[in-house]
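Reviewing the structure listed below.
Chain lettering (A, B, C, D, E and F) follows the sequence in which the chains are written, and residue indices restart at 1 in each chain.
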Amino acid sequence: MNSIVRAAVLGNRGLWFPALNAVKTMSTSGGPTPPFTTLSVTQPANHITHVELHRPEKRNAMNKAYWREMVECFNQIAEDSECRVVVFSGAGKLFTAGIDLMDIAGDLLQPQGDDTARVAWYIRGIISKYQNTFSVIEKCPKPVVVAVHGACVGAGVDLITACDIRLCTQDAWFQVKEVDIGLAADVGTLQRLPKVIGSRSLVNELALTARKMHSDEAKSCGLVSRVFPDKESMITGALEIAGEIASRSPVAVQGTKINLLYSRDHSVTEGLDYMVTWNMSMLQTQDLMKSAQAALEKKSPKDVTFSKL
Amino acid sequence: MNSIVRAAVLGNRGLWFPALNAVKTMSTSGGPTPPFTTLSVTQPANHITHVELHRPEKRNAMNKAYWREMVECFNQIAEDSECRVVVFSGAGKLFTAGIDLMDIAGDLLQPQGDDTARVAWYIRGIISKYQNTFSVIEKCPKPVVVAVHGACVGAGVDLITACDIRLCTQDAWFQVKEVDIGLAADVGTLQRLPKVIGSRSLVNELALTARKMHSDEAKSCGLVSRVFPDKESMITGALEIAGEIASRSPVAVQGTKINLLYSRDHSVTEGLDYMVTWNMSMLQTQDLMKSAQAALEKKSPKDVTFSKL
Amino acid sequence: MNSIVRAAVLGNRGLWFPALNAVKTMSTSGGPTPPFTTLSVTQPANHITHVELHRPEKRNAMNKAYWREMVECFNQIAEDSECRVVVFSGAGKLFTAGIDLMDIAGDLLQPQGDDTARVAWYIRGIISKYQNTFSVIEKCPKPVVVAVHGACVGAGVDLITACDIRLCTQDAWFQVKEVDIGLAADVGTLQRLPKVIGSRSLVNELALTARKMHSDEAKSCGLVSRVFPDKESMITGALEIAGEIASRSPVAVQGTKINLLYSRDHSVTEGLDYMVTWNMSMLQTQDLMKSAQAALEKKSPKDVTFSKL
Amino acid sequence: MNSIVRAAVLGNRGLWFPALNAVKTMSTSGGPTPPFTTLSVTQPANHITHVELHRPEKRNAMNKAYWREMVECFNQIAEDSECRVVVFSGAGKLFTAGIDLMDIAGDLLQPQGDDTARVAWYIRGIISKYQNTFSVIEKCPKPVVVAVHGACVGAGVDLITACDIRLCTQDAWFQVKEVDIGLAADVGTLQRLPKVIGSRSLVNELALTARKMHSDEAKSCGLVSRVFPDKESMITGALEIAGEIASRSPVAVQGTKINLLYSRDHSVTEGLDYMVTWNMSMLQTQDLMKSAQAALEKKSPKDVTFSKL
Amino acid sequence: MNSIVRAAVLGNRGLWFPALNAVKTMSTSGGPTPPFTTLSVTQPANHITHVELHRPEKRNAMNKAYWREMVECFNQIAEDSECRVVVFSGAGKLFTAGIDLMDIAGDLLQPQGDDTARVAWYIRGIISKYQNTFSVIEKCPKPVVVAVHGACVGAGVDLITACDIRLCTQDAWFQVKEVDIGLAADVGTLQRLPKVIGSRSLVNELALTARKMHSDEAKSCGLVSRVFPDKESMITGALEIAGEIASRSPVAVQGTKINLLYSRDHSVTEGLDYMVTWNMSMLQTQDLMKSAQAALEKKSPKDVTFSKL
Amino acid sequence: MNSIVRAAVLGNRGLWFPALNAVKTMSTSGGPTPPFTTLSVTQPANHITHVELHRPEKRNAMNKAYWREMVECFNQIAEDSECRVVVFSGAGKLFTAGIDLMDIAGDLLQPQGDDTARVAWYIRGIISKYQNTFSVIEKCPKPVVVAVHGACVGAGVDLITACDIRLCTQDAWFQVKEVDIGLAADVGTLQRLPKVIGSRSLVNELALTARKMHSDEAKSCGLVSRVFPDKESMITGALEIAGEIASRSPVAVQGTKINLLYSRDHSVTEGLDYMVTWNMSMLQTQDLMKSAQAALEKKSPKDVTFSKL
């Protein structure tokens, strides 16, 4: 069934991979990539997919379509053997204003059900779906580099903490907004943010007071690993990092992502056991020999051609 | 049974909530709040409880009474629906010198029991009780902002790592002292400190060498999220943060604390599952509608009145 | 059986503990300590063992002998009641270039086995052995201070993340190299690095792009807790820290290491329960009374003599 | 997208819920319910869905279509608020011969991929999909009563251990067959069987020797909770049990299934914590009052009408 | 504070331990032991405490007083160094009819709170308190032998699954009743029953259909370890088992209970680690030497006198 | 170093595998196999190793040599690619009387150390070593069938619960003896017995009262999966089961053991994830094709020749 949408998109492959040499200008131009209405998907370079949150006129607020399209998009990316790494950013003046309260109001503010238990059941379904929207980023074995400019509010923080590498511009700011609208953040921030930065006091302060955090603090606390002067240089930087990743063995890269995520949620002993079980097969790759030989010949991994994964 | 002490305290409500508009001066004046002998409990502002460790003449060292009173105090706070956030600080010249060795010597240095096993059993009881003294801070669903000035030694570090937000003055210093008196820290530091700051090398160094850490390093490693020039400005700052928290929906705030703590000790998947189960009921609060409406009307959460929780 | 090698080494005790007052010069002079061929083991001061990775002509690359000798060495240290703390460093111009690809090529690049499953079985054995090489550092209850100068590449990062306290020189750099040779790092880095530093974005970037990280970034992210201008001052600093540790009660120190590691892999509640069970016996040590008395008399722990552990 | 298949099926609702009063004869007559080719889905009574594995001419062997259809079928059941309980059985002479080796041979015996790692990646995808086929039974909150007659071999055991209540006929036998075809059972038996019966020695014997277990042993070891003389009486009995379940509050029943599964995989403390969080909303159901009142009036739950869930 | 009630009870020690030689008749005669109103507490033999659920005129239904008194009672038993084992039974014609719906109706059917979230918060408090009522049985380190006659319904099953050894009479029956009153059992049955008996299919059937299980099935599934012809012989049997336990070293017995419970909720590796840490102190008991010597001299443990624990 | 003992044993291969066609008589004749003094090791049939506890004159009591030899023996078996399954039994009139109190008395009753903490440290080392003695049975990937006749006391129960399949004779009885000598069983029984049989009430009764359990109860509770009339028929039966296992693909068999043990200690979800990762390589075995073809040709696995593992 997935194949229907899939065919639609792959039929649009001209649009999906429009102009390999037009990276910079492309990334913020154009509109959503059909059949998506909230996402623009392009291929700025070999093995790199660029996904842009694309509702600039709505400050990239997340509406009902968005929650559904993210899942479809990342499921496709997970299965697209051409893609080895993803860059994620926001179109327009800011990264995202978070959830689109107006669009989503019916779901959350007037939930359906005959009694409290049945309303609860309905809510459980809705939140699970929203949680899944960001969890697909982790389930996709290709690393995701997220590049934030301007505001990153509410569900935006949920989103970026599910990505692998975080970059931002000097003018970026972050806000765990949920407590301001009367709820405990329930689609990932409270679960992932504490595992993403080192200061628990800061995590608590951000989540309990909803105060803004600017780029310098985001860098010093480790939320982002690099700050760029503006969006253009950030996108260039993100693509460079993505290029480094895309040039490595996909067996090595995707195994690294999967095991890093496994380690986050397990003891060191369990992580080591899983790792050795993983590499029982993965070390039998030709990529190892190819890469080792290149290393011995002082060549770059970029000079090696790896099979699709 | 709790109700006996409870009645005693609530009868003292005049003392407990003495003068809402006399915040700054009050916080370090006065003595312990009866029936407590080591804690002063006041209400500097609406929904904010200020607990002060109050044995300044003994450098706020923790004696037998303290271990018991902390539990009573935080159990009462947990059930006090007027209170939404706690500020914790130390009276006098420093935060705390840690355990009161002289007072407690009998318990730990000359434990009771007919043989080694029975002494061990006795020790188990004592340490469990001490551990519980700090765990009540986490069991209390109201966020606790701790403000440290001067020395914070030994059991003081156990205490602050169980709080939610940590602040300190420029002259503050921290010392994991236990190894100096021949024991592995057993009331929380070894368990919580590594989950509170990001550098494991630093945690190990502090715990194994008992060296002092000053405020600047405490800030850069993330132990505290803010440093203030002096105690007065710190208390003001703590009350401001507390005010921010107190003005938000208590449903949102307390759900946030509970889920942040749950996340610390679980995988992301488990944390998300607990979160969605939590919000099956909590999203049905009127606070959500009130807050959302205020947000749409560009009002501050402070302009909204929430029911007691 | 262990006793055979053990006797051999202890017979060399003159060499093992050569010249207590010749610390500085010794640490980088001399060759491996027989029967070791890749490790130099000395005793620069009371209760301190200094282990040096000693293949300077091969940039301290880890060959087959190394993997075996590390286990023997740390098992001996674990049982050596004279030793209370370990300093680990590299001889020559850099810390380590990582795995010795040429020496190890047969094992990993041409593994044995009749079919894929049997090759996998063989690989499982090899990697498990390598993992164990670094895990012995954690299993050894004596704290290990590692001092890095120059390059620390690939398996070098696996090694240092298994140590307790990390120091480096200004010229040091670190590189998670594995992705460059076509594999996911499988002997500890992916499991331990995220629990050692606070920024997950940085961990991911390092592991996925294999970029170098220099000493200043290593300090600010918390990988190392101190940076020294050069190797000599670093070794002096490492021995000072080791001296602080060696002078404390070994009951306190080793209990602290064991419980810190336990905490890393368990919830706070579980860590507290284990801790109290641990101290059921360990608080019955004479060291507690000795240390407490010294503390009350304002003496340093260094003035107290503790029994062997 | 799901909605397309869904509409197709719901359009067939006449076939899906054909003749409420024709239970017994129907259950083994007829063919698969379109669009399914391997499953027959009927509604023998109010709130009860009967799913039959329906490839009798192939001894109900599981082919490629089956793996896909099971997921679709149970996803629909999960969302069908009319259905409160499922009965699962096999059409024809036996329950199932397990996997259809011929049909599936291409997938498992000649997997795709350029090298061992890429073949491994492909295999991972296939097995994950197969695992999911049975896990949907657990993810579906409606209890599943499985009724086994004749042979239940290989993947059949994986299937029934994912169900909630197991019944069988006197002539039924069970065989963990995988070791006979050279693999460790990988779609659930090794994970679930030990948590389903009490004797670990028996589990190991069955899994390691592939010997058959007959109905009497299946009953005494607890794999099934009841044995019936023949298929007809078993289906009647299964429907009676299903009827008991269907007549209770769906809030109570589905909450019970979800929490029983949660308990299986968690400590008692964690299970209790989840349970109380669950019932924060679910105890606010009207069903509680309705049921309590019926109980006080000595009425049966069957006399109470509950809203849809 | 506990000491107040404690003093009251200990002052009643004549009543608490009334007539050491009047075991059999006493156990079902007399009324509740003040200050308890629902429990009778006696000491039928040395080191054995007999707790009887004592509201026979109300079929031992659990009212509000009961939930509170159980906690007080078992906390006292935990601290009573004279007591080494507990026998628990029900006064009158049956063990217990479960929760006292009439008495408790206000709490659960008309919970307090301004909105759904606040009602949920209130419910959380109530259920947690009820859960704790049975968890104190596990927290008490003395083994609890429960003896069931006649009906054991609803919360009765929650209660007995928290005990250590289960006995019953031939006329006993068990019923997981909760689903009949519209809720998922939330005070322990769903968490503990699956860990107490081996057949998961049976657990599910009992919990989902609320059918009665009689003593023979209770024995064959392992819920009880012995069945007695009538209550008198059961109480005698329970006291014999209790006598066996009471005659052993309390260090050995209580360490066994604590570690058996720890094992239930942890992996084997974790259980072994905890066990060895436990016995670091406990093996240093004199009881070991005393018992070993008695064993070598072919004496019974009953001939050895052990110190209080 | 292991190689020294290894060479000694392999040099004795004539003794180790003395007479392939003399199974029955051999198993209880002869003495220990040098260099072992407590174990007899033979090869009764292809791929089957028979280990006999061989101190019949001491009722197979476990002395110091035994604890060491078990580890060496099972480490060798783990690496012996000829061996695919192990049968374990006791020589002489009974299986084992448990620990040899006289031989071991010095270790446990008069432990070494300057103070309680150092004695505890010493005890920790001893118990860990003893625990490891039985854990090697689980670490060895070849299934172990244990055959018990006569008495199986104390450490004997620890031993058999670490085996995979348990058989016994009609005259066999089992006793968890530790509580009788004043300690909580610390080498495996309390951790493994509850995961090996289904009735927790029975586990508790056995461990707390040290009562004997006879073969019929051992069978009905699931401790053993089969009971034989006498030792001779049991050994024959054990060898038949072993023969069934030995004839299957070692890739399938050892993968099954490893994953069954993994499942015991993990949630179903985690077990499934590990399983799929395991089979990424193991499904690429030629054994799969060989076995599948044999199955399609209706041949027995015994007709297939598998490569060594």
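The definition used in the following text is that a contact is a pair of C-beta atoms (placed from the backbone, for glycine too) under 8 Å apart; a residue touches a chain by one contact, two chains touch by 3 or more.
Remember, it's a predicted structure, so these values are computed and weren't measured experimentally.
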Comparison of D-F and C-E (more C-beta pairs in contact): D-F
Angle, in degrees to the nearest 5, of the Cα rotation that carries chain B onto chain D: 180
Rounded Å distance between chain A and chain D, as computed from the means of their C-alpha atoms: 36
Chain A-chain E separation of Cα centroids, rounded to whole Å: 51
For chain B, residues contacting two or more additional chains: 116, 119-121, 195, 197-199, 220-222, 251, 264, 277-278, 280-285, 287
In the complex, chain E residues that touch chain C: 274, 277-278, 280-282, 284
In the complex with chain A, residue positions of chain D that touch it: 1-2, 4-5, 114-121, 251, 281-287, 307-309
Of chain E, residues touching chain F in the complex: 143, 164-166, 195-199, 220-225, 241, 244-245, 248-249, 251-253, 255-260, 263-264, 267-269, 271-272, 275-285, 287-292, 295-296, 301
Complex interface listing, chain D residues touching chain F: 101-102, 105, 108-109, 111, 116, 119-121, 123-124, 127-128, 131, 135, 138, 178-186, 188, 190-192, 194-195, 197-205, 207-211, 220-222, 264-266
